[in-house]
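Pasting the structures in now, so scroll down.
Below, chain A partners chain B and then partners chain C, in two separate complexes.
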Partner chain A sequence: MTKKSLCTLFVSALAATFAPTLTAADKDTVKVGVLHSLSGTMAISETSLRDVLMFAFDEINAKGGVLGKKIEPVVVDGASNWPLFAEKAKQLLEVDKVAVTFGCWTSVSRKSVLPVFEKDNGLLFYPVQYEGEEESQNVIYTAEAVNQQAIPAVDYLLADGKKKFYLIGTDYVYPQTTNLVLLEYLLSKGIPIENIGGGLRKDAEGKVISAGKYTPFGHTDYQQIVAEIKQFAASGDACVINTINGDSNVPFFKEFAASGLTAADCPVASLSLSEDEFRSLPTKDLVGHLGCWAYFMSIDSKQNDKFKKDFFAWLETSTVPGIEKANRVTCSPMVLSYDGVYLWKAAVEKAGSFDVDKVRKVLQSGTITFEGPNGLNTVEKNNHTKKNVYIGETKADGQFKIVKEFSQVYPQPWLKGTFGSK
Partner chain B sequence: MNSRISKRELGFGLAAALFLLAVIPGLNAFTPETSPFHVSDFSINLWGQYLCLSIVAVSIDLLWGYTGLISLGQMLFFSLGGYALGMHLMLKIGKLGQYKNDLPDFMVFLGYPTLPTHWEPFANFWFSAFAVLWVPAVVAAIFGYLAFRSRIRGVYFSILTQALTYAACLLFFRNELTMGGNNGFTDFKTLLGHQLANPATQRGLYIASALALIIVYALCRWLTLTKFGKVQRAVRDSENRVLFSGYAAANYKLFVFVLAAIISGVAGALYVPQAGIINPSQMEPSKSLEAIVWVAVGGRGTLLGPILGAVGVNALKSWATQAIPAYWPILLGGLFVIVVLFAPKGIVGIAEQIGSLFKRQTKHSKEVSRE
Partner chain C sequence: MSTRAFLFTAAISVFLFSTRIFATDDAEKTARQALATAILAPEADQAALVEKLAATPHPALGPTLEGWQREQVFVFTDEDGQRIPFLKVEETSTVRLLRVDNGQPLVNKAGSPISFDPSLKAVETYSKLRRAIKSTTDLLALGDESPSVRQNAVLKLGLKQSPATLPVLEARLENEPDQRVKETIWDSIALVNLNSPNPELKVAALQRLGQSASVPAKDAITRIASDSTQTPETLQAAKVALKSIDKHIFWVDFFGTIFRGVSLGSVLLVVALGLAITFGLMGVINMAHGEIMIVGGYATFVVQCVFGTGLAFAPFGISMNIPGFGFDPASAIYQSYFLVALPIAFLSAAAAGFLLEKSVIQFLYRRPLESLLATWGASLVMQQLFRLTFGPANVPVASPAWITGSFSVEGVLMNYNRVFVIVFAGLIVVGTSLLLSKTPLGLLIRAVMQDRTMAACMGVPTRKVNTLTFAFGSGLAGLAGAFLSQIGNIGPSTGQTYIVDAFMVVVLGGVGNLIGTVISALGIGTLDQILQTTLRNPVIGKVLVLVGIILFLQWKPSGIFSTKSRNLEEGN
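Moving on, here comes the complex of A and B:
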C-alpha cells in the first residue's frame, strides 16, 4: 500500500464516522435505551439490571408490545466511566432517539447524564436507592428515597429500644447526605448528640454540620473503627447504620465479628447490601444483621413467585451476550428496574403516545400504578414512587428473613432541614 | 532527521488544519440536518472531546517519544486543568442548581453555610483560565525538580508518576477537600455567558479544541527541530553522554515535563465543558495508562501518530460500546496486543513497515532471478 492510498483510506474512514448513521426505521418497533455499566468496577452490580430489563422487554414483546409496537432495546455500555455515561446518554437521545432510557446505578453516573436528559428532554428511569435532594423533570425515580430506606431502618431500631447510633459509610455523596439527614432526624427524635457516633463535622463557628465516619472506596482496615464501635456499644443499646459500599463490607464485618460483637448486642443495618451483593460476599459474618429495601427475594406473594419463576426460566434460554446463568438471585434494584418498565408502559398506554411530555404529564398525574413483585408502586407528583418498605434479617444463605413491613411509604426526596432539629 | 519542514508536510498540515477548523464546523453550522454531509451536534461534541484527548497524547509523545520519559500520570495534569476551569463553571451555575442556592450543590449537601475562601477568586474567568496553566505547571515543577535532581530515571520515574496521580486521585475523592468528592463537578450551565446546552457554544468549544491541538502540534514540531529538540533526543538516547558533554540534562527534562503538564492542563480545561463532568476517576492510574496506549497505537516519536491513535482508539471505543457492548473490551485489548506484537511503530509506522517488507521481497526476488 502506498502512502497516498493509506491517506485516502484514512480520510474515507474519517468521513464514514461523520456520516449520519442510516437507521432502517422500522415502524413496528419503539427504541428504548439501556444505559448501564457492563464493564469496569460497577459491572458486577449493573449487569443484573441489564438482564432484568431485557427480561421485561421480552415479556412485554411476547404479549404484543407497547401500543402495538415491539420494544427494540438499544443497549450501551457506560463502562463505569462517568464522562462516557454522558456521551452514551447523548448518543441514545440524539442519534438513536430512544423513547425512554432505563439506567444508571451510582449517583455520579446519574449526575453525569442529568444535564443531557434535561437538555434533550429525555426520560430516564432510575432504580437504585439514592440520597434524594434531587427532583429532575426528566427522571422518574423508582428507587428508594432516604425516607423509604434509612428512616424506616432507624424507626425500626428506635422501636427496638436502641438509643445510640453509630454512622459509618464510604466517602461519597450517598452516605454523606443520608447521614446528614439521619443526624437531623435522630436529633428530632430526642437522641442526644453524644449518642451519635462516628464523629461530628463542625463549621468554623463550631456548629455541627454533619456526622459519621467515612472510609475511602476499597478501604480494608477497620480495626480501629470497630474498636471504637465496641466501646460505643458497651452500654448495650447501640446500633450501627452502615452505608459502606461493596467490597469494603467484607473486612468491616469480619473485624466486627472478630471483636466479639454480635447482632444481638449491636445490630448493623446495612443500606447498600442486597441479595445480589451476597453472590460475591461471604455472608458468614453478617448473619442476624439487618437490611432495609423496597423488595426482598423472600417476599411471599403470588406476583413475586411468578416473577422469580419466569425470570429464572428466561435466564435459562436467554441469548443475551455475556449473560450469567448460574446462581442468580433477585434484589431490590432489579425489581425496581423491572417495575419502571411496566410503569412506563402503563403511562404510554394511558397517554396514547411515546412523546416524553405527554408521558410525563400522565406519570405526574399520580394515577399510574403497577402491582409488581414488591407490591404496589405508584408514581407520585414528585417523580418518585410510593411503595412498601421491608426490614429483613440476613440469613446464612444470603437471603433475608422479613421482620417488618412499612406499607405504602410516600416518597420524600427533600428531607434535609425538614425535621427542625434541636 | 531533517531539520526543515518540507513543503509537502506544510501543505498537508494546512489542509488538515483547514479541515478541522473550517470544514467540519461549517458542515455542522450551514448544512441542513437531512443533508448527507451534515455533521450532527452530537458528532461535533464527540470530536471536540477526541481532539482534547489527542492533545494529551501529543504531550505524552513529547515526553516519551522525544525525551524518553514515560509519564504514567499525565491525566493528573489534564484533571487539574479540568478542575481549575470546573471550579469557575460550578460558581457560574448560580441558583440554577438542584438546591436553587448560590453555593455549588455538593457544598449544600455537605452542609457548608458559605463559600470557602479559596473558591472565591475562581468566580473570575481569567483567574480560572490562568490557574489552568499554573496549577499543573507548579505541581509538575515541584515533582519534576525533586525527581530529576535525584536522577530518578526510567521505570522508577514512571512508577513515581503513577503513584503521584494515584495519591491525587485519593485526595480528590475525599469530600473534605471541597472539590466535590466522588461526584466531582457536573451540571454546568454557562461559560462566559454562553449556554453550554446551545449547539453554537459546543461548536465554539470544538473550534477552540481544534485550534489548541493545531497550536500544540506546531509548537512541539518546531521545538523538536530546534537545537533544544536535538538535546532532548540526545537525553533520550544516552543521558550520560549528554551530561558529560556539559549539558544540564535535568533542566532540559524539567522544562519538557512542565511544558507537557501545561499542555495537558489546557486539554483538560477544554475537555470538561464538552464532556460535562470532571471527577477524580480521571486521575486513576488506568486513565493515564490508556493515554499511553493511544500513543503506542498511533506511533510514538512522530507527533502525528499520537493524534491518530487518540482519535482512532476513542472513536473505536465510542462505536464499540454501542455496537458490541458486551465484547468491546476484548476487541480493544486484542487490538493493543496486535499493535504491540506486529506493529511496534504504531499506525504511522505501518506504511513504512509494509514498504520495507516490499523492498526486501523485491531484493530477494532479484537475487533469486540472478541465480
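Moving on, here comes the complex of A and C:
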C-alpha cells in the first residue's frame, strides 16, 4: 500500500523512467498519452486505470507494437484537479504531440479537457460510466452510456416485480442527470410519480429539475434517509437506485443493514460500486444487493481468464514505480480502458496511419471491433461502443454473481426527453 | 395461480393439524431429502424444487434454508463419488457439518467426522431462488418460536393481499398465543379484505387498519381512497383510516427525529469533548485534533486485525507484519475486540497528543496564532504518516454484532450502535467531569487553566499539568476515533471532516465549559435532524444550522455559557 502512495512522488519521474529505455529507437515509437489522477482524492480509482493501460502497452509492444512502432507512453498526473487536467491535456497534445490519449474518470475532468481536444484535434478514449448527453468528435466513449447501465438495472428490477423506486446519489452531475433520465424512463413504464422516492424539485414552471435524494461527497449521517427508505419500503415491492460515490457508501449500507432492511425485501442497485471499490467496503452488509456494469471480474470466458492471468502476472514483475501488487482485482472501468487501447490499435492498423482524422474516419465506420474480456466491443457511428451489459449480485467475497446478461446493447448517449411518458 | 393455491391449501393442512405432523420422523425425512435433491439439482430447476418444498414446510428445514441464503451450504463428495450436501454451522469454538438429508454430522466411511475443507465453494444462490427460499422460510416462520419473527411473517402474507392466504392466517389466529402477533394477524386479514367484493367487509377492514394505524397498509388504502368507483362509505372510511395512519407516522417521525438528533448530537459530543479540554480549557487552537482522533480510529483497525488474521503494512517501504490471533469472526472473543480497542485507542491517541505537546505546543502557549499554524502543519505531517503507513485508501472496520441491528419502540426504530453512542457519550462526559471536579489532578488542571502564572507561584508543576491535560484531551479524541470507525471507514483525511464540527460545538457551547459543550452538541444534532426532516434535504439543513450558529455568536459572542472571569484580557 505504501508503494501506491509513493507513486504520487514518482509521477513526474515516471515519464522519464520510460523515456530513456525507448528513445534509443526514437523513430520506431509512437507517443501515447495517459491522463489520470495519480494523486488526490481520485487517485485510489484512477491509478488502477494507469496500471491496466501500461499492461496493455507492454502486451502490444511485446507483439511488435502498432504499425511496426512501439508504443511510448507519456504518463501525466491530473492530480484530481480539474483545471490541471486541461493544462496536462494541452501539454500532451502540443508539446508531446501524442497520437492518442487514454484518460479521465470524473465527468468534470472530461468536460474540462474537452475544449482542448477539440481545439487541437486530439483523440481521447474515455472508459468510465457516465451520464450521456454528450458526443464529441474528439472522444471515443468506451464507457457505459446510461442505457448501458442504469436503464438495464431498472429493467431488471421491473421484471423482478418492483413497483417503488427510491433514488439516492451524491450531489454532482452524473447522479443528477442519470436520475432525471431514470425518472422519465420509470414514468414511461407506468410507474406512478408517487412511487418514486427521494423527492422531486421543480422550477417555477413546474418542470422537474431534480429527482431523488442527494448528499454531499463524504456525507456520513444517513439515519434520516434510511428511516425514510424504511417507511417507503414498508408496503413491499420497493428498491433503491444508488449513485452514492466512494466512502459515503459505508455509512449508508451500515445504516441500511442495521435498520433491518435486506436485499430480499428491498434490493439496492448501485451504479458506482465495482470490485475495485469493494476492497474497502464492508461487503457483508452488501450481500445480495445489485451492481450493473459492462464487465464483472467473475465473467466466465476464455478471454477474461487470460486477461486476468496475464494482468496479475504482469503486476508481479512490473517495474512501474509505486505500483500496488497485493489484493488486486479487475473491474469495468479497467477493462473498458484496456478495450480502448485495442480498439485504437485496430483502427490505426486499418487506416494505415496514426493521423487523427484518418483514424476517426475508420472508427466511425462501425467496423472496428475487439473481442475483450467483457465480450465483443464495436465502435458505433456515435463514437460510443456497443457491448454486453451484465447485472450482478454482490457476494460476501466482494465479487459479483452474474444473474442477467443483456447482449450487445447499442449505445444511446442522448436519452433525455426520448421516453414518451404515459 | 393454481400452484399457489395448492401451496396454501397444503400449508393450511399443516397448520390445522399443527405439530402432530411435525412430530413424525417420516415427514422430516421426506422434507429433508427433497431439500437435498433441490440443492444438488441444476441451477435452472432449483427455484421450482424449493417452491415445491413449501407444500410440506417442515421446521427442520429452517436452518438449512437460511444457511443456503448465507452461503453456508456446501457439497461433499465421498469416496464413492456420491455428492452429499451439508450445512456448515459455526458455533463459538467449533464448526459442525450437518448432512442436509438426515441432519446427522457428516462422517466418512469409517464413521469419523470430516473436517471442513476451506477450498469448497458454497452452493450459490440467485435472486429468484432466494425468493423461493424466502417464501418457504416465511411459511416456516409462521410457526417460529419468536413472536417477532411470526409477526413479520404474518405481515408479509397479508401484504400479498391474496384471498388464498386467508385460511392460513385464520388457522394461525386460532393457535397464536401472543397478543401482539394476534393483532398483526387481524391487520393482515384486514389487508386481504381490502380487496373483498363485499363493501361491508371492506369498510370494516379499513376501520381496523385505521385503528391500528398500520403503516404497511398505507399504499393499499391510498389506492382505495383515490379510486372513484368505490362506494361513498368506503371512500369515507379510507379517508378516516389514512388520517389516522398519517397521524401515527407524524408521531413516529417526531420521536424518531428526536432520537436521531440526540444520537447525532452524541457523535458530535464525543468528537468535540477532547477539543473542549485542549481548546476549551487550555486555549490551544489545535488544528491536528482531527488527526489525533484518527489515531484512535487506526488503533481500532489494528486491534481488529490482530484479533483476526493479522496485518501486513509497510511504513516507509519497510515491510512489517503483525501476526493475528486468528479468532473466528463469529466467536464471542473476536466480537469483543472493540472493548479492547477502546483503551488502546485512548492510550495511543494520548501518546500522540503527548508527543505533539512536547514537540510543538509547549513552546507556543502564549502565542495562539503560531500554535494554529504549527498544529496545522502537524496535521499535514500526520496525514502523510497515515498514508505512508496504512496506504491512501480508507480502511474498513467491521462493527461487532452486538452493536449492529436495531429494535423498535412503538414504530420508532432505534439502532443499537446509536443507542451505544448515546450511552458512550454520557459515560465519558460524566467520567471527564468527575475527573475535573473530584480528583487532585482535576484540581491542579483547573488551577493551571485559570491562571498559569499564579498556579506556578503556588508550586504547581504547570508544565507537567499542561502535558497531562493535553494528553488526556487527546485520549478522549482517540475514543471518538474508535467510535467513528463504527460509522464509516477510517482514512488519512477522515479527521478533516470532523474538525470544523468539533470547533463549532465548542465555540457555540462557550469556551471552557463542559456543560455548554454538551448542550450545544445535542442542540446542533437535534436541530440538524429536525431541519433535515422538515426540509427533506440533508444539505440545506446543515447550511441553516451553520447560519444559525453565526447569528447566535453575533448575539452572544462567548457562546451559550460564558465563563465568568475577572481577567482583563478576556474581558467578559
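In this section, the second predicted complex is superposed on the first by the 394 of 422 C-alpha atoms of A that agree within 3 Å, B and C clash if a C-alpha of one lies under 4 Å from a C-alpha of the other, contacts with A are read in each partner's own complex, and residues count from 1 in each chain.
Simple rule for what comes next: a residue touches a chain if its C-beta (ideal position, glycine included) is under 8 Å from a C-beta of that chain, and two chains touch if they have at least 3 such contacts.
Keep in mind that what you see is a predicted model, and the values were worked out from it rather than measured.
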Inset, instruction - Answer with first, second, both or neither: which of chain B and chain C does A:Pro216 touch in the superposed model? - result: both
Inset, instruction - State whether A:Ala313 touches chain B only (first), chain C only (second), both chains, or neither. - result: neither
Inset, instruction - Name the contact category of A:Lys254: first (chain B only), second (chain C only), both, or neither. - result: second
Legend entry - Which superposed partner A:Leu67 touches (first chain B, second chain C, both, neither): neither
Inset, instruction - Quick one: classify A:Asp171 as touching chain B (first), chain C (second), both or neither. - result: both
Inset, instruction - Pick out the shared contact residues on chain A: the ones touching chain B in one complex and chain C in the other. - result: 1-3, 6, 171, 214, 216
Inset, instruction - Quick one: which bits of chain A touch chain C in the complex? Just the residue numbers, please. - result: 1-6, 43-44, 160, 171, 194, 199, 213-216, 218-221, 223-225, 227, 230-231, 234-236, 247-248, 250-251, 254-255, 257-260, 264, 267, 279-282, 284, 287-288, 326, 393, 395-396, 401, 403
Legend entry - List of chain C residues in touch with chain A within their complex: 69, 71, 124, 126-127, 130-131, 134, 156, 159, 215-220, 222, 249, 253, 256-257, 260, 263-264, 267, 312-317, 387-396, 398-399, 404-406, 413, 415-418, 487-489, 491, 497, 529, 532-533, 536-539
Inset, instruction - Flag every residue of chain A that touches chain B in the complex, lowest number first. - result: 1-3, 6, 10, 17-20, 38-39, 74-79, 81-84, 86-88, 90-91, 94-95, 107-108, 111-112, 114-116, 119, 131, 133-135, 171-173, 176-177, 180, 201, 203, 209-210, 214, 216-217, 320-322, 416
Inset, instruction - Using the touch definition up top, name the residues of chain B that touch chain A in the complex. - result: 24, 27, 36, 38-43, 45-46, 49, 98-99, 105-106, 109-113, 170, 173-175, 181-184, 186-188, 196-197, 275-277, 279, 281-282, 308, 315, 318-319, 321-322, 324-329, 350-351, 354
